[in-house]
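Let me begin by handing over the structure; questions about it come next.
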């Protein structure tokens, strides 16, 4: 497939909103594409601090592809995924990844599979960066005056960060900063 | 459950965009709630013209609930649903309907089930009104200058309208009007 | 008039914002269409609880048409209507209803007239549902962090709900929930 | 009244969209405030070219206040105003002007009255600038790909510009430029 | 140059957001055009109160042109301007003013130069009105629930208003009103 | 500096629009963050096809940082940069990169410097990917009905792609597809 034919469907990532924020009442939430870029920046910030060392650029590449399937699947929020059969969302992502990333480059599809398998440190690290970017955005919206976002706190607090101290530190910083804001209640 | 607790989750319908239009590049597509209201208005317009007579107000009520499950599931476009197992979307809608409509009113849940079963004339009529409203919006966006919406034409042309002459007439009118616009190509 | 010609002007309901929220600073308020759908859902939720019994589907149909005139008149906020001669807004609505609903279906226009006359229980019930949906949206925006919406409270508190206990109960629930939020002052 | 109390209600002009464009499907039309600024710039561009000479700065000031009443009344499109009694819109504007501009500065209210009376050359000139800015925006939207805006052409073509040659010239330029675009039909 | 060719580039002022608010998280900040109109209204409100008397309409005209250069330069926030060489932004504004305002009318360019030179009372007055409108908008956003806008307070507090008592009074009113809101911390 | 303090300013990339499209009338253009993600995806698609081989993941990392300076500088369109002294924009980007990327990770700043120096193949390749993503977005907007975007064509046609055949091929594909659309004139 031509590069153009492979790339055009990915323009959708600019359009699709991060649905969780939309449902929480944020008027103009960031796009799926913006979230992916943010995840890559988190990987770039924390990656060099990880011990033992990670291949940071490899982590950045994993971050760049991690939500590409949403160009077909859209960003299904937690409550939506909960209505699907067990494993249906993950399988749908796999199919979407196949459809979108194989024509793009076999390397791109391999990145996605590595992320899905969670077997490498880089994959587990980037999956945390994904959640940490959500936490960063959460803090950002809280600082701008959004309320009623308490539902996002437990997931952040429960993130299993022990394998990567820089991730745990960032998560703790985010929770502390959120706690200092004047809105303890939803 | 209190009426308030049952009604608050439905505010999401105001927020969720009709995803197909979003992916097609329409900058600010109508919400799922607006589409449901439009479907109800199509039912109100065509219902009295149907022979033998329908209970038009019953059809209107069916239209009002038809996309309520999307408050949890979001509006999954065709290509997203195609990635899920056969029947998974319909089952997810059923579960969402149960979760959202049972607390609202048993009558509301019954309306949804009637629609899903397609066994009554009113249900089949309203399912057509749903597609006809999509066709109306399609024509509206084309008239405003949107291009690249050719993918929506085949579904409209293939709509099985024979049971309801007013539906077929409106569908034919929409297609004719779209054909007259100056953009025959995507 | 063809159904298409009657339906196309109603697409405007998707576009027109609920002006009161716009003026109060809500960045992307729901559309008139979304409000109408919400009013119909309130009718569906409360209607079955009303004693003596109401024809709930008839109430839902009343809700669906109640703001159709705004497709021509737009959603005039309170302060705007106050600048017009006594009765001018109601008369303008009547004219708009005539222009928009008669071609749609005589049944639709009859629904509007019933609502305007306030002589039936269903009409008075739906007029309350309209205000209750406004109250629900108000609470939703407050929960999301909006401030400066105190002007909407008195109208909700003063709603004459005595004829319909479920309406009074929902109104009281909304006020209580709003009171519990951390922003007692405008 | 304090200047703050007089100025705060005018922030609404930033929020209120130019409704005609909204109804015509323009996704994010300019605000009433932006239109007023544009009208003032048209006055500044054409004013110096008018013979006999006008007090251009006086014309600019007239333009700045001309839509202030919409902060209360909103921007009623033509079809909405047509539903009101003869003179009701003008009277509402007068009342809104009184309520908004008197506390601002007596000079501001005097500007509005001069504009409404149409007795001075400057007032008639600025009323044309208002319509010419609408024409400029129309051309801008057409150049960006909007369609279905043919309804705005007749009013522009019929503008009585003879008293001010620069106005007629600009109007003619706009119509010619619009005619050259590839969308002759709505 | 024709008036049309001179005016078309200024339509950009409707589109460009006031970037400071965008960066501060305001979802749909007012446009540069709306801010200019607001500045002109501040001049109209305070001008008549200034002693010795100002030519208020001349001040309004200065306000109308003050941000026209942004149609080419965009609204550079403080932190962006700080990255440019000393004087680069002012020079860029001068060049943009030359390019945009000379074809519009020599009078318009003269207004801009007067403002940039700060040598007349009217120019210094309007430069304060510009900042006061920013303060008004700041207060408006705070009243609507925005947080994290503390960075805008010091500039307002430090405004050198002594030459114009009405400016100082408005600035003090704004700060007092902001102080009364429930969000003392960023 | 803590990772949180380094990452929070980068949330601005989600907010800042790609200004060129805003000025060209696209109602809701993609954000700078979305463009960066898109550039990274172009690098991922074309990188593996480049001969001699590139370190594709290194190219992806270069793409991820390439517009980070805009979080302070904003996205200055061509006409704005043209008003600044020669080299001022590049120097401002360098300063912004220093301020934003050094605290993030020294690796991140090194990536930026590599890109700015254009001395490596990867850097030249990614600078082309940046322009190719703009071309992709241009084609996307044209396909959706936008007009008046002819100004973007010459830059794309003149792109010096000879060093990287896959870049030239994609550029040629984009131009061919744009040529086939029905809007040959601005």
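Letters A, B, C, D, E and F mark the chains as written, and numbering starts fresh at 1 in each.
FYI, contacts are C-beta pairs under 8 Å (C-beta built on N, C-alpha and C of every residue); 3 or more make two chains touch, one makes a residue touch a chain.
Model, not experiment: these values are computed from the prediction.
The chains that touch both chain A and chain E are C, F.
Across D-F and B-C, the chain pair carrying more C-beta contacts is B-C.
Because chain A and chain F share one sequence, their contact can be compared position by position; here over half of the interface residue numbers appear on both sides.
Mean C-alpha positions place chain B and chain D at a centre distance of 39 Å. Mean C-alpha position of chain A lies 31 Å from that of chain B. The residues of chain C that reach two or more other chains are 15, 25-28, 140, 145, listed in rising order. A complete list of chain pairs in contact reads A-B, A-C, A-E, A-F, B-C, B-D, B-F, C-D, C-E, D-E, D-F, E-F. The touching residues of chain F, when paired with chain A in their complex, are 2-4, 6-8, 10-11, 13-15, 30-31, 33-34, 36-38, 40-42, 44-49, 55-58, 60-61, 64-65, 68, 104-108, 136-137, 139-140, 166, 169-170, 173-174, 177. On the side of chain A, the complex with chain C involves touching residues 24-28, 145-148, 182-183, 185-186. Chain B makes touch with chain D in their complex at residues 26-28, 140-141, 143-145, 181-182. Residue ranges of chain E in contact with chain F, taken from their complex: 12, 15-17, 19, 22-23, 25, 72-74, 76-77, 79-80, 83-85, 88, 91-92, 95-96.
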